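Per-chain residue numbering starts at 1, and chain names A, B, C and D are given in the order in which the chains are listed.
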Amino acid sequence: MINKFLGFEPDKDKLPSLTAKIGDDIDLSSHKYQKIWLGPNHPGVTGNMAVELWVQGNTVVKAKTHVGYLHRGFEKLIERRLFVQGFPTSIRMCVAEPDTNEYLIATCTEQLSGYDKAVPEMAKWLRMLSLEMARLQGLLRGVPGQGGTFALGLGVQWGVYLRDLILDRFEELTGARVYHMYIIPGGVRGLLPDGFKERMEDNLRDIDDFIIRIRKLMFHNSVFKKRAKGLARITPDMVDKYGIVGTNARGCGVKRDVRKDHPYLHYDQLDFDPPTDTDGDIYARTWVRWQELIQTVDLIRQIMAKMPEKGDIKAEMPNVLHWKIPKGETYVRLESGRGEYGMYYVTDGSAKPRRVNLRGPSYTHAIALLEDMLVGADVADVHAIMVSLQTCPPEIER
Amino acid sequence: MSLKDILTPFTAWSKVVKEPVTIKDPLNREAAPRYRGFHDNDIDTCIGCGTCEAICENEAIDLVPVDGIETKDGDSGLRPKIDYGRCCWCALCVDICTTNSLRLTNAYKWVDTDPDNFRFVPGVDEKDWYKREEGWRKPEPNYEFYGLKRVEMGELHPEEREDSFVEMIKGYSKEQAEAEADRCVECGICTATCPAHMGIPEYIKAIRNDDLEEGLRILYDTNPLPEICGRICTHKCETVCTIGHKGDPLSIRWLKRYIADQNPSEKYKKILETDILKKNGKKVAIIGSGPAGLSAAHYLVLLGYEVEIFEKLEKAGGMMRYGIPEYRLPYDQIDKDVNYILSLGVKIHYNVTVGKDITLKKLGEDFDAVFAGTGLHLGRSTRIEGTDHENVYQSIELLRKITQGEEIYVPEKIVVIGGGNVAMDITRSLARLQNQKYGKVQVIATSLETEEKMPADREEVIEAREEKAIVNPGWSPQRIEIVDGKIKGLHVVQCLSLFDETGNFNPQCNMENKNFFEADMIVESIGQGMDVSYISEDIKEHLELGPRGRFRVNDYFQTSLPWLFMGGDTIQGPDVIHGIANGHKAALGIDKFLIGE
Amino acid sequence: MKDLIEKLTEDFKISDVVYQRPDLAFVTVPKGVAISLVTELRDFEGFSHFVMMSCVDWIEEGKFQLLYLLHNPKTKTDVGVKTFIDRENAEMASAHHLWKQVWTYQRELKEAFGIDFPGSPRVDENFVVEGWTEMPHMRRDFNTKEYSQNTYFPRPGRETNDPAEYMRKKLYPNEPITAKKQDNDK
Amino acid sequence: MSEKDMNDKVNEMLQRSEANVKKAEKSFIHPEDEEREVVAPDGSIIKVNPIYDYFSGEKPKEEKPCSGIIEKFLNWARAESIWVLGFGTGCGSIEIPPLVTPRFDMFRFGVQMRPTPRQSNAFIISGYLSVKTLKRVIRTYEQMPSPKYILALGSCTINGGMYYDSYSTINRLDKYIPVDVYIAGCMPRPEALLAGFTKLKELIKEGKGEKANEYARNFDEYKANQKKIIKDWNMPDYNW
């Protein structure tokens, strides 16, 4: 109303109609369209990637995702490395939740060499702990980060601080802040340090407080509600068509969670139920993630209560320098904060893998799905849509 | 949307009164105690084995020589140099470090303007973080990257073996050998210590790859007696094995034996590609068919020489056959190695004593060169009171008689003087004979050296005790008590030290602490001397003498008479592997002398 | 799962079935029927979730192995449909009409292995590398280390010593040693 | 500028562009960047060559420092207001959020993030650079106003790091753009980054933050190195 009074409200009727469809050749020389590159050097994109947008006025009519800016050729590099050398390389495949990569590569090698039964109990619980901590630190960035895309920076400030506390715990447990290199084929690389559980509990209490506050700040916020509700809606029939997984699928009521569907480690001994919502828009997805935040905190508490006090951390295995795995192939998956995260692993009987292929959820979310979802969206919402799909470029290009 | 949605976010203002979470001094913040920061290395413990280099997936580690660290047995003299333009701080190098010398401190700050500075040798180049105690060390417990426990070798049980001369070590099966070979980290430190410089990591690798023919080829590159060495080698390599710093050293000897055992002798020529050998028309004579002589013969015949061996006794093998009891080295295994060498075209004359049946001078005239590997076949005496009694024997003499199948005098109580491997051999042989004869054992082996310093291999002592022989070291023999012409026993006093400050042999004894070992028979086994009676005086005067009464030879075991080469126990050792190494080197020396470079 | 595969074996000439886990099986089919098997599994057997598509380079046999990994959300099982195609002029029928994300995989495989998928949208566009003139980078015969050293030049000034070789030079330079044998691990 | 001069300039640019295209085996110029003739609104036909028309192809110039106390004052001001470009080029950028949030709070050191190169004078190369990103980094770097500084994080910028054998990432950053400060670590902690900023401030105050001039001085050499690995050079030589 005010806008109209001041004359800012664009008269939609005067704009040319949206004639272009995805796949059509858009003739830029017709002067009806403008091309915008969002990224790679743009604070609004998720990491070092780019989206090429064709816009008509404020509306996107065509989008193309460009990746490869972070391409390091991991899959090629791991083919050159011994089985034990794979995990420091693989962990860098995704910086947002690095532990998932080490778990995958360790489990693949264990399954193919037959040592998966030999992994000690203690190591399994510690693996779960580090995976859940990784999920927690990812969510602490991700949930308020969605608010950040709508210019709500305060939640990010809180979230990043709390994430840092979890990184401190990681540092105590694993010896590193971000690239933990903790889960290795056969086990893990250390027991819990003294007093870890108490300090973790302190942090979890802070996070409990944060969860309440972020709810008030984001989900009861008129701006957030107005912009996020109804935006970038995923419908249940899209889930299989696009291969949507994780919170993006759960946001529209399709309950898929690898932890429940294919229980790995000791997830079958934990009491949890993956949260879902029905709307499928950005608000619903963020709401699911917020519930997941509560659940992850609870899971960490459960794990710390149920895990044994002491035990072996690594299985007895052959000399790592000449470890050979017979010919075989496998696919291992886990539930990362972004959804099903898997690895296809092929061995050929030598001391090095034949092929390693990572299946990141962003591979489908950020290319096929994002490109289609951006059509018709406002330019100002592009960033929000990218973040809501949990785009993580390194796992696309690897 | 309601008014509530507009007002609720303002609750965030309640944080305004909270204490800020900002770290006051972030530049001096300590990292966690387990943090993987910059490297430190205890260079005195480090042996430069290069395992850290092998496991580094980023090729961040170089091995470089360091001032003040010498290359010696068991220490390559190299130390890791780390390139921080490569490192990813995964600490695999720390986890696999064979000596636990490498670690990561929790220091993490290094800012520089010159990219070439980010390389350093931890523990050597001055860095301010070495004093930090915190940091990453190898995780505990039971966190190992290679097996620390040796694969158990199957042995005959003491009860089964104590009265028989059947070989007591069973040998590895394929699975056992591969499991044991898997523990090797391929550093190659052992190669320098092996007198023959065998390609140990290479043949262990051949076992891992299940390519035993390749393994045999590697063995024969430097050692033509693998069956023998695989059983009785003194395995100096195992004393420096890097795996031994944290766990049991690799049983390199048994692995060598495994390769030799698994290859049938009739296939040797095909595997080793020695069906057809070229000839160069020159002739070499070899005196003695011990390890040195056989080794020299083998490499000479490969080089194209016509080789003839002159052996005093009725069978080839020298001390290997006549000095080592059958339960350690069965005669058919000696035959396997010897027959292969003979099958290459080496001629051997048995029962020919040089100096008696044929003179050395004659050999020198008939042949282009002569190699003498005559060995130490004269027993040494303690020369204490009573050693001239008829029931005081030399061990070497008894062992030869046992091999030759002669009946020897075995009374109920025996004392053996000596703490070396030969003493253990005779002790255990006599114990077996006693068992066969009386059904019980009473042999006492005593030596000057204390238990820790006994020159015999540790397992020999343990096995001797398992066979109920008594090993009681640390006593200095004083006199043999003889009553009515019969030996009653040996008087000993406690021995305190063997060498004085200058390192000369000068035993110090505690005369107060006495002991008496009852015996009907005394065996002396305190070392052997060489018999040089085959060298006539006119030749001897041309030969220069070196230290410890041995003849002086050059690097190629050439004496001052250019056509005469000498090697084996008379020059170095005494053990088999030195003999083999000498023979090989002398063969090359003869080739150099006769044909030139 | 076993029943299902047995049921399909004859129609689709399935060979070489490997049950890697109770919930994961790999089957091999001829090149011509791979897409129809994938379609059959999607439409009639409930394998509605397309997990991934991958390629393995079996250079020794001159073959590329293509893998279509499908997931059945109801029975919670996975089937990997494998097919082998020639390495020379590698070409495969496109499956982009079955799932929306498949063309991305095909575009990546075209760039990384040089497998053509005629008809797949944007299959010729660059995916991750830009201005690439060498052979497709994921092929086994592309030596990435050599390429990196020749193109990006590691910082000079590094040299290393092999402990055994160094000890030989220092302690026994003239002794006979084992001749260097070929590396069997390669 | 007369019409003749104009034509000469256009021709010269066209020739340069042709030479450039010939050098590469295949043309990497995007269709919209190709030189072409367009019809202006008034009906006249204009030749355009977007790559050279929109940017300067001129070499950068060395800038002489002011004298004495003025330069000292300027250096002090520069050192206390390091504005970092918010371009996360690699994995090290995950440690930037902790720095701009309360826990480590780099604002108190006079460091802040800016969204565009035009407003920044410091560039954090956060780890490895793929060739594709390097091209953008060069372009971005050249758009930053002088004096400008580069902080390189981690092993990857020094000697390739753990991607030393990757076909996609460069090994040595200093061959392509000049670097002021290297920070060891993979990746460096926020505290180490702050130490890096402290070191950079010291350098600037001492008048040693002269890498932008070094780039201008050795421009040809840097360009040659860059062009050796960036095969599709579809941008002008200097684009500010």
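Keep this in mind: contacts are C-beta pairs under 8 Å (C-beta built on N, C-alpha and C of every residue); 3 or more make two chains touch, one makes a residue touch a chain.
What you see is a predicted model, and the numbers here were worked out from it, not measured in a lab.
A.B. asks: Relative to the centroid of every protein C-alpha atom displayed, which chain's own C-alpha centroid is closest?
C.D. replies: C
A.B. asks: When the centre of a chain is set as the mean of its C-alpha atoms, what distance in Å lies between subunit B and subunit C?
C.D. replies: The mean C-alpha positions of subunit B and subunit C differ by 48 Å.
A.B. asks: Roughly how many whole angstrom separate the Cα centroids of subunit A and subunit B?
C.D. replies: Whole-Å distance between the two chain centres: 56.
A.B. asks: From the mean C-alpha coordinate of subunit C to that of subunit D, what's the distance rounded to whole Å?
C.D. replies: About 37 Å separates the centre of subunit C from that of subunit D.
A.B. asks: What whole-number Å value describes the gap between the mean CA coordinates of subunit A and subunit C?
C.D. replies: It comes to 24 Å between the two C-alpha centres.
A.B. asks: Any chance you could list the residues of subunit B touching two or more other chains?
C.D. replies: Within subunit B, the residues that touch at least two other chains are 21, 31, 57, 83, 85, 88-89, 115.
A.B. asks: Where in subunit A do residues touch at least two different other chains?
C.D. replies: 68, 71, 73, 76-77, 80, 88-89, 161, 179, 322
A.B. asks: Could you list which residues of subunit C touch at least two other chains?
C.D. replies: 128-130, 137, 142, 144-145, 155, 185
A.B. asks: Should the pattern of chain-chain touching be classed as line, ring, star, complete or other?
C.D. replies: complete
A.B. asks: Which residues of subunit D touch subunit C in their complex?
C.D. replies: Listed in rising order, the residues of subunit D that touch subunit C are 24-26, 28, 131-132, 135, 158-160, 164-172, 175, 228-232.
A.B. asks: Residues of subunit A touching subunit B in their complex?
C.D. replies: So the residues of subunit A touching subunit B come out as 81-82, 84-85, 87-89, 154, 161, 168, 171-176, 179, 181, 187, 189-191, 193, 213, 216-218, 220-222, 225-226, 312-314, 316, 318-322.
A.B. asks: Report the residues of subunit C in contact with subunit B in the complex, numbered from low to high.
C.D. replies: 155, 157-168, 170-172, 174-179, 181, 184-185
A.B. asks: Going by the contact rule at the top, pick out the subunit B residues touching subunit A in the complex.
C.D. replies: Listed in rising order, the residues of subunit B that touch subunit A are 1, 4-6, 8-9, 11-12, 15, 21, 31-36, 51, 54-55, 57, 88-92, 95-96, 104, 136, 139-147, 182-186, 208.
A.B. asks: Mind pulling up the subunit D residues that touch subunit A in the complex?
C.D. replies: Interface residues on subunit D, with respect to subunit A: 32, 38, 85-91, 93-95, 97-98, 101-103, 113, 115, 117, 128, 130, 132-133, 136, 140, 162-163, 165-169, 186-187, 189.
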